[in-house]
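One structure is given below, represented as structure tokens, and several questions about it will come after.
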Amino acid sequence: MNSIFLLLNLLPILFLYQFGGALHVSLPLTSEFTLSLIQTPLGTFFAYLSLISFLLVTIAQKSKKLACNYYVLQFLLSMAMLAIVLAGDFITFFIGWEIMTWSSYFLISKSNSIDIKSLQKYILFSLASAFSLIAGIVIAYSFAHSFDFSVISNSFKDMPFNIKVALIVLFSLSFFTKAGVIGLHYWVVDTYSKAPNLFSSILSAVMSKMGIYGLFLVYGNIVGYQELKMMFGTILNGTDFGYVLAWIGVATSIIATFKAITQDEVKRLLAYSSIAQLGYIIAVIGFGTTYGVAGAMYHTLIHTIIKLLLFINVAAIVAQTGKNRFSQLGGLIYRTPVSFVMLLIGIIGLAGMPPLGGFASKFMMYNAAIDTKFALILIGMLFSGAASFLYCYKLVYGIYLGHPTSKNLETTKEVPISYLIPQIILALLLVLAGTFPGAFIKIINPILVEFSLSTIPYSGLGVMNSAVGSFNGFFIMSAFVVFFVLILLLITRIKSKAKNNLNRFDISYCGEVPTQDTSLHFGFGFGTDLYRIKFVNAILKRSSSSFYESLATQTKKTSELFSRMYYGNIHNTMIIILLFFSTLFFIGVN
Amino acid sequence: MDLASKLEKLSLELVQKQDYLYSVTIDFERLESLLLSFLNEFGYITLDSINCRDDLEDGFFTITYCLQTEERDHVVMIQTKIQRENASLPTMHTIWPQAEIMEREMHEMFGVDFPGHPTLIDFALEYWDNMPPLRRDFDTLEYVNSMNPFREQRNDALDAKEEMKKKREAKKAAKLKAQQEAEAKAALEAQNNPSDEVKNEE
Amino acid sequence: MKNDLKNTIKIFHGPQHPGITGNMSVELDLLGETIKRAQTHVGYLHRGFEKLVERRTVVQAFTIVCRICVPEPDPNEENFARAVENLAGLEISEKAKYIRTMVLEMQRLATMFLWMGGQAGSIGLGLIPQWSVCDRDYMLDLFEELTGGRVYHMYAFPGGVRRDLPEGFLDKLSDLLDYYEKRIIVYNNTFFDNVIFKKRAIGVGVVNRDEVLKNGYVGQTMRACGIQKDVRKDMPYLMYDKLDFDIPIQQDGDVYARAIVRRDEMLQSIRILRQIIKQMPKEGDILQKIPKHRKFKLPADDTYVQTESARGAMSYYMAGDGSEKIRRMQVRGPSLVHAYTLLEKLLVDSELADVAMTMNSLGICPPEIER
Amino acid sequence: MESGFYGSSLDGNLKCKFEESGLANTHEIMEKAVRWFRSRSIFVVAYGTGCGAIEMPPTFTSRYDAERMGVVGVATPRQADLIILSGYLAYKTLRRVIRTYEQMQKPRYIMTLGSCPINGGMYWDSYNTIKKLDDYLPIDVSVTGCMPRPEAVIDGFVLLQERIRNGEKAGWEKYDENFEFYKENQKRVLGGHIDPSYETDWYNLKSGGKA
Amino acid sequence: MIFQIILLIMLAYVVGFIYFGLYRNITARIQGRYGPTVYQSFYDSIKLFSKNNTVSYGWMFYLGPVIMATGAVLTLVLVPVFSDSDFLRSVTSQGNLFVLLYLMVLGPLGNALAVGTGGNPFGVMGVVRGLTRLIGLELPFYIAVVGLIIAANSSDIVHIIDVQKTAGLNIINHPLLFIGAMISMVGFFGASPFDIPGAPQEVYSGPRTEFSGKFLALLMSQGSLFAFAKLVLIVDLFLGGADSLVMLVLKTFTIFVAIIFIGIVYGRYKVEQAVDFLMKLPTLIAVLGLARIVWFG
């Protein structure tokens, strides 16, 4: 069953590759409604992104015995995403969006650890984003009389100002909820952590990127960055709109990073960390300069690779040991060494360390911030980057290092090979992205041309250059490897009888001796002291759930009020409603 | 001391041992009630220490509770006697928290049982399987000889007792010899100059 | 109680640890770096001292008495001597009393300097331990001159003191006191008014006032909570009733308050020593004749003596039984209650970084707990 | 990954002769140089076992300053070369000292202060102290004095440095050669309660290997 | 190019250890004692290298110090040591300031993995304290670095040095940034108010608890390389780089002595107090300096 769907996933990739970027299909529904699929450079980038990740996840699902309808829904989801990404007009875009929401809803409901409350949260927020999307489309149609992107974008300039702002706000709101910006991230953590293990990797890596694609579509194609500059004016030398958006993104990443450190469940930590990384992208997307867009795009690619790698790795460990909390895991390094190395590469990328790809994308974003002189935004990003080292180390320490906290951890075997293949591929991709950052410039230039922004000068496969400076990824990676091998040789040449693989209790423990039942694993205690820092304490105390709960109770009360009006026969309630609307109409007319 | 008058009522007699030290001896049954009355009515709120003396010959432990008032200007010792075999005392740790550690030490060192004491674990000795060490019938020298041997004496080691005896004899012998020499010298002088004595006499 | 230790890890602030003064261990259950439960373990230095005394006569016991508490041997000697004098009814001369008081106050100053080194070392201020231990050494030189021993003096013998003052000793002592007065000003600037020490010490290890008297906390822990009690003033012994000095107190009972109380007590000790130097009688016999140690019989009586050591009231219970050997001697140092009842309660919900500092400020000296 | 990544696993004959140590397996001059460097820097583990610990602060602080000799205090046994047993050893302390000593890396040395570790000293008739440390741990340098003055302790350091420089047979070699003898004595005096008391073959006792 | 790299590493090794020896001597003299010889660090590292046996908890424990040393050497190689001569210019032109900032954290994170395999709770607590302290330390330092990049409009260190040749030293033009950077430099060197991860009295020597013998020697020598690299970085950013070896030693030593004297007088913060302090005053100073550059050009 799994292999069939493996082939099915391969088909669209070949199909797209064969077209080579010139696909143009239009399907006339009625006289003026035509569904059209256009392959823009932006679209192809995101299409390849989602299709390859679906392929890798299906490989990973080989070892799990899943029902057939699970695969069908998953394939439907990938097709929906394809439709979104290749949509030429808003109708196909919205159809794809709806199918995506519903298929992912059914897939999430299949997980055994999901509860009604978080499912409701997911579907409510998705529907809210869909409604704001449809509202924007209707308003755009009422002015441009067509759903086609190109028609809307050139008629966008002569729309009245408040309509333009309304359109941008509506579209941004719908895509922010999908990407999980700080105000609207209420559903993200519960769904990512309670979704079926492998599906949450798709949720975090690919579905949130649809929100990013939407933002690029709106800001880049439909509105256009120059238009944004004209509308809102510029501050320093980036757009005003971008400055506000940047503050939202930075706030998202800082708050999510500190929330991530204090989580005990592994997948909740990864959920918060993906919110934080998306915060980076949203911060940089609004700059309206070449390096802003390039940074956002590159970080989207890197984030997808890293999140897929981490979620698959964690899913494999949870499947293997049955535990998903740091306080229950630990000490798996020498029992599952390959998955340890994969996770290690993942967190080095997540933390943004030089030899790997994570640094290249962060480098691009930092230069974008310097290029637009948004210095405080850059400081915010660097600050949350420094704080992210903590949860990166917690991820690797909690699962692999330290002492095994539960009995069966000492006898777990290596993770089945089907989980490892996608991880190895993704790790290789990450390493390549680190050594040859220049290759990405070739991918991004056509998109920049599409957004009518100046392209980045390309000088060699290994060199990534940006506004204020460049660095040679290939040189740093090779220097790292060379020095590593030299120092390793130096150390091994000094022959001193190393007593290896010590008993895990033979640690220097102030003269005392730890026994089997002394608990030595620091997994749970990792983030517990952060509340002592006043700034972090202020973040950790507030949570958005209180706001939404109060909202939910308010709506319940008002609906009860209405239901009390309806008593006995239907007639007088109808009369009341009729009266209500007629008064409204009269007011509205004049 | 109004305390003496109060104790008269309880038909107890307050003895002044030193200028800041008083002692009261009572029998075991009234110990707990007296301690509580000392704490509540007489204002002796501080329990300074619980001491235990092992009187092996008479077959009982003398337990001393030292109490002090808030002014801390004198100490009252409440003494009682409990028999040595499976001795037990009421635990005071609910009233005075510091009594917990003092009772734990006495349990380990004297084997006195404190029913209701939360932590009667080992205080200073680890893996101690012998009888409580501070009781007088525990002979520490014999225990030490059995446990770990001393360093064997150096080959030129001397036993202290014989050495002392030898030195005493040597001193005695030396004194004896000195006397004999003195007499011999005196006798010698007497011979070679009898005339001097005669001269002295004339 | 059990459930809040669910996710804690266990570490030992153990016997082999740079943060421990002496040889004891505190077993900590940590949640992150917050301590959820602390248990003190002693017995690493237990040599069954009270058992040894039962096999020894008064003179033989006198040599090992001063080795009970290592940083401060003199209160032990004074307690032992006074207990034997109480039992045997000896009366010591005026000059011997003055000399003994002087030795006690000199030892008190030396211990305060050692404490200051430990306290500054526990917050990582490497400069102060170097200076304060060196200043303490000058006092130990004076001890060496007076009693022949640097740390263990074996000087206050039952019935007086074993050796008279070497001439010129008192001027050396007053020069040293002038030097100390200048040094305490230096320590004020570098340590007691140090910004970091204030930030680390204020509000840490707070002892609440109403349980101080009941639980028998003594010394600076008591005086830092505003209770003006001192054995030298309440139950005066030796010459303390003839010397005028006052008892410094603080109100808020945390580590910083105890530090300030100790600093003021150093100044008071210097003041006492100055008066002793003036009032020291020139002549008078210093040691009363007592019979040979085999024939020096102790009456079948018991006594309880208290002396104010640098860390609090140290008391001895001693009982004779008519033979020349001591029937029973029990030592109750201030650290027994401070290390168990107070420390284990104080450390709960405090941080791992405060353990070394709190223990040092309570003046816990492990050999005194289990002898 | 069971066998060690680098370096051979414990072969039976672990007689750590001087030649197989670190850089010193080239030739004579190199060996003398390494001995000289070893003597110039000694790390003392921070463990005040007995009542002599009161003389450690003056020795390592400004008046007597052992750092002139290169002697520095470190926190953990892993980093240390020398452990100073200052005075008598209770049974409970002996267990911890054995544990600390075996965690130190060779070459490791023991210095004892006073006569209590040699023949029980002043507490010869105490039921809780050991009388002869030689049966349980090999002693390299004994310093006389109860408690020895800082100058005497520094004299002990100088003597130890001289011995290291001359390459004399050190305590740790004795400990490895007659390991069984030491373990038997320890087991007898500590009542079989040697840490680690659980079943793992901690010191490869069963397979005849050494620590 | 290879020969120049080896020469640089030797120079850094020797100068770093001599600085550390001088540090121990200066602190000793302040404390009123003689202190060890200046070459004491050499003796210590060679003795540790020549230990008979070492203890390792598997291959990751073995690789931890190696990763840390690689990070230190890479940082050293990427920092332009001599400002105008083309000593290693081909190498330093490959990397730039952001690469250095993140390389400074790569080494400790690699070592943290080895500390994790060691399994000692003290080691992990030291690492957590180091990373939490890093949050506070990086703030003023990053603001200073970003300010300099915006002022010189290039993140290449050599370019920043050239700008200082013409427009005057950064320490004079941007004093506020210099103060911010120096305060966090005290933390990066582990000088006293911020030597929190390896606090012996609290965390039983922190991350270095389980390392013995040759691993400890490797950590000490990479520490000296790292210290030298950081000093040269500060000199390049604020004091206009050094053209000759003498100037290099002179400038780096003045910075080193300044850090020593700050470290001598203070005790040790708790982690949260350190981060609170770093987030308030130094960050405010640095932000003022930054605002002056960004808003007033």
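In order of appearance the chains are A, B, C, D and E, and numbering begins at 1 in each one.
Here, contacts are C-beta pairs under 8 Å (C-beta built on N, C-alpha and C of every residue); 3 or more make two chains touch, one makes a residue touch a chain.
These figures come from a predicted structure and were not determined experimentally.
In a view that ignores chain C, the other chains are joined by touching into one piece. The interface holding more C-beta pairs in contact, when D-E is weighed against A-C, is D-E. Summarising the inter-chain layout, the chain whose CA centre lies farthest from the centre of chain C is A.
Taking the mean of C-alpha positions as each chain's centre, the chain lying farthest from the centre of chain B is A. With centres taken as mean CA coordinates, the chain nearest to the overall protein centre is E. Averaging Cα coordinates per chain places chain A and chain B 78 Å apart.
Chain C and chain D have Cα centroids separated by 32 Å. In this assembly, the C-alpha centroid of chain C lies 44 Å from the C-alpha centroid of chain E. Centre-to-centre separation between chain B and chain D, using Cα means, comes to 38 Å. Annotation for chain C: residues touching 2 or more other chains are 9, 11, 14-18, 30, 33, 43, 46, 48, 51-52, 55, 130-131, 134. With touch defined as above, residues shared between interfaces to two or more other chains in chain E number as follows: 31-33, 49, 51-56, 58, 62, 121, 125, 200, 204-205, 209-210, 213-214, 271.
Counting partners per residue, chain D has 1, 4-6, 16, 20-23, 46-47, 61-63, 75-78, 92, 96, 100, 125-128 as the residues that reach two or more other chains. All chain pairs that count as touching, in label order, are A-C, A-D, A-E, B-C, B-D, C-D, C-E, D-E. Residue ranges of chain D in contact with chain E, taken from their complex: 1, 4-6, 16, 20-24, 34, 37-38, 40-41, 43, 46, 61-63, 65, 67-68, 70, 72, 74-76, 78-79, 81, 105-107. Contacts from chain C toward chain D in the complex involve residues 14-18, 22-23, 43-49, 51-52, 55, 63-64, 67, 70-71, 114, 117, 129-131, 133-134, 136-137, 140, 150-152, 367.
Within the complex formed with chain D, the residues of chain B that make contact are 124-127, 129-130, 133, 138, 140-141, 143-144, 147-151. Listing the residues of chain A that touch chain E in their complex gives 236, 331, 333-334, 340, 344, 348, 351-355, 359, 362-363, 366-367, 370, 373, 375-376, 378-379, 382-383, 386-387, 389-390, 392-393, 396-397, 400-403, 468-472, 475-476, 479-480, 483-484, 487-488, 491, 494, 496-502, 504, 506-510, 520, 522, 526, 529-530, 532-535.
Those residues of chain B that touch chain C in the shared complex are 17-18, 20-21, 45-49, 51-55, 62, 64, 66, 70-75, 77, 96-98, 100-102, 105, 109, 122-126, 133-134, 136, 138, 140-141.
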